[in-house]
Amino acid sequence: METESFYGVTLSEKEPIAQFDVPEIPEEYIVHSHKLIIKQISLGHEAKTGEFNVVQAETNAINEGEKKTVKIPIAVLKVGETRCLKPNVEFPNGSVTFKLIQGSGPVYVCGKAEMNFGEFDDGDGQMYEDYSDEEEEEEYDEVPQTNGKSNKKK
Amino acid sequence: METESFYGVTLSEKEPIAQFDVPEIPEEYIVHSHKLIIKQISLGHEAKTGEFNVVQAETNAINEGEKKTVKIPIAVLKVGETRCLKPNVEFPNGSVTFKLIQGSGPVYVCGKAEMNFGEFDDGDGQMYEDYSDEEEEEEYDEVPQTNGKSNKKK
Amino acid sequence: METESFYGVTLSEKEPIAQFDVPEIPEEYIVHSHKLIIKQISLGHEAKTGEFNVVQAETNAINEGEKKTVKIPIAVLKVGETRCLKPNVEFPNGSVTFKLIQGSGPVYVCGKAEMNFGEFDDGDGQMYEDYSDEEEEEEYDEVPQTNGKSNKKK
Amino acid sequence: METESFYGVTLSEKEPIAQFDVPEIPEEYIVHSHKLIIKQISLGHEAKTGEFNVVQAETNAINEGEKKTVKIPIAVLKVGETRCLKPNVEFPNGSVTFKLIQGSGPVYVCGKAEMNFGEFDDGDGQMYEDYSDEEEEEEYDEVPQTNGKSNKKK
Amino acid sequence: METESFYGVTLSEKEPIAQFDVPEIPEEYIVHSHKLIIKQISLGHEAKTGEFNVVQAETNAINEGEKKTVKIPIAVLKVGETRCLKPNVEFPNGSVTFKLIQGSGPVYVCGKAEMNFGEFDDGDGQMYEDYSDEEEEEEYDEVPQTNGKSNKKK
């Protein structure tokens, strides 16, 4: 069972944070893969000339054998220099928080959310075992995408 | 059964809207996947210098567990600054409306429409069941692509 | 049987047109997929400063349920502004004509031609049936690629 | 068993080197494929105007039948000219060292690490034999990613 | 059996040519696919301002039913205008020669070499028959990559 969704959020001074999480999946399912791909980050036409707008991603990465939180800017934008970037970065670890750490925006973040999951893997080595029926597909077709001042961080 | 088609529409002051819909598929088919990928958005050579041309996409995205309509600019263009973008955004949810919300164009929107469908899934968990024959392939080979003043919105 | 080929043509004032066609395939074969992908369009170093060079694609697209011919610029180039574009557009419908409708070039159009075909599909629903042997692979390994003043249009 | 991870390191005058290695895999596993893909390299907003920042990659490549170490710049950045690049280069040979050989940064290197491995191949020609269970997946889910002054080179 | 390798060569006035060839494969193998993908071509920071640097590719393409040699520039670079391109062109025909036909460089050409081959196809229509064992994989793991004044052309 694979679901895809367009992902689009607007970051600004008022709403500088967008959180992307893996939805809660019932126990009997295992997530085979889940990722968010950021295709394009661009400044609105009303962004201020000469002002830097910096979008930071905060996510888990594995570093020297341990899971660590990484914070790294994925877009440094400035009208008159760089209005639009196509980072094409992928967040396969489930959760990521985007934060406008500098500038007043608006900044448009566009991409794609993909999720591939199936029924419980009983550990016998056969991973893509059972695909669920139509009904279940409807039920868990949800890719949470929060934008706002919630300030949730992982 | 997979079909692909080049997608190309021109947006301008006179025809600022292009609507892309999933075609009507007879009941006995299910659409396994259907998407529109926007590869390039560019200004014509006759576009006015210094004028912003902004293309907005309106589509469904899933947000906090509910389907919501998202409106987000996917191209902010300006002669002398940004003539061409390659957003590479995908609209896997079937329908999307592009609207030139600022500027007089012309703006060329190019991409690819993909559709993958098969015969009715009886719910027994086997999704890529029967591929139809040649004749049927001809019959439903249609990717609707409307450009104009129709102002249809979803 | 899948074949791939580099595609490269030069458009200029003298040779403004490049035609790309699906080769003739013997009856007993069916083409599963065939496409031309345009990866990069760039101006030569000798192109005139400030002159627009516009490359138009003419191909079939499906529009409101009917096959229609679409003509759309896929590259608007100008020395001092935009020397090179990477449209990444795909023409899965077999035939496309590129025309330098403005400017004197030279314009380099680079990409890839892909063709995937097999023996006759008898309609029993099994599409990727028989792959042919080596000899046949040699025989139909041809991707036609005409560049010049032939003015053939489809 | 396939694992993917976001890869993100910051290079600067103080920490000019980032080393990426294949983790140690127990003997009974074979690595089917392992690679690091660099999607984007960009200058921080605080980078000095007019200063070149050059990121060099050092890795193994096969040259005239022998494995050789290749050192090649993969990003030449300069505020006011090139703030961001999307090299999209892949390092499928396991190990690579990134070094800021010129400039003071900060330079953000973003990408993706992929690893695909399975149990021991007994040489009978069946390569993607056994996928391990969940537990083992946890255990070797590690993509080492060292950033700093360690000066390890291969 | 699939092998991948990073590809990286530096072109300059002194070493203006880089040749890429398919390695010699023993008779009992057939090459299913082999290609070189050029991901990025960029000028070194020491390149001269205002000087054009033009990289030409020379390879086989099929044109009007015949194999022909095509010579086409794939990168027109100039400090102050275009320092870096990401052509993403593919050379699936085995051999290609890159030549710096204008400018003094240095020009960095980065990409990926892919080769997919297996044991002899006896013509019975089953193409991806036997994958060889580990030992053989070592033996033919070679992607030739010559850079220099050898002036070999195909």
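Labels A, B, C, D and E are assigned to the chains in the order they are written; within every chain, residues are numbered from 1.
The definition used in the following text is that a residue touches a chain if its C-beta (ideal position, glycine included) is under 8 Å from a C-beta of that chain, and two chains touch if they have at least 3 such contacts.
In this text the structure is predicted, and so the values were computed from the model without any measurement.
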> Where the contacts of chain A and chain E overlap, which chains show up?
Replying inline: D
> If we look at chain C and chain E, which chains touch each of them?
Replying inline: none
>> I'd like to verify one number: the distance from the centre of chain A to the centre of chain C, where each centre is the average of its C-alpha atoms, in whole angstrom.
In response: 35
> Quick one: chain A and chain B, Cα centre-to-centre, how many Å?
Replying inline: 22
> Listing for chain D: what residues touch at least two other chains?
Replying inline: 86, 88
>> Quick check of your reading of the touch definition: is the inter-chain graph here a line, ring, star, complete or other?
In response: ring
>> Applying the stated contact rule, could you write out the chains in ring order, opening with chain A and then chain D?
In response: A, D, E, C, B
>> Show me the residue ranges of chain D that touch chain E in the complex, using the header's touch definition.
In response: 30, 33, 35, 52, 54, 57, 59-65, 70, 72-76, 78, 81-82, 85-93, 96, 102, 121, 123-127
> Where on chain C is chain E touching in the complex?
Replying inline: 2, 4-10, 23, 39-40, 42-45, 80, 83-84, 86, 88, 108, 110-112, 130-135, 141-147
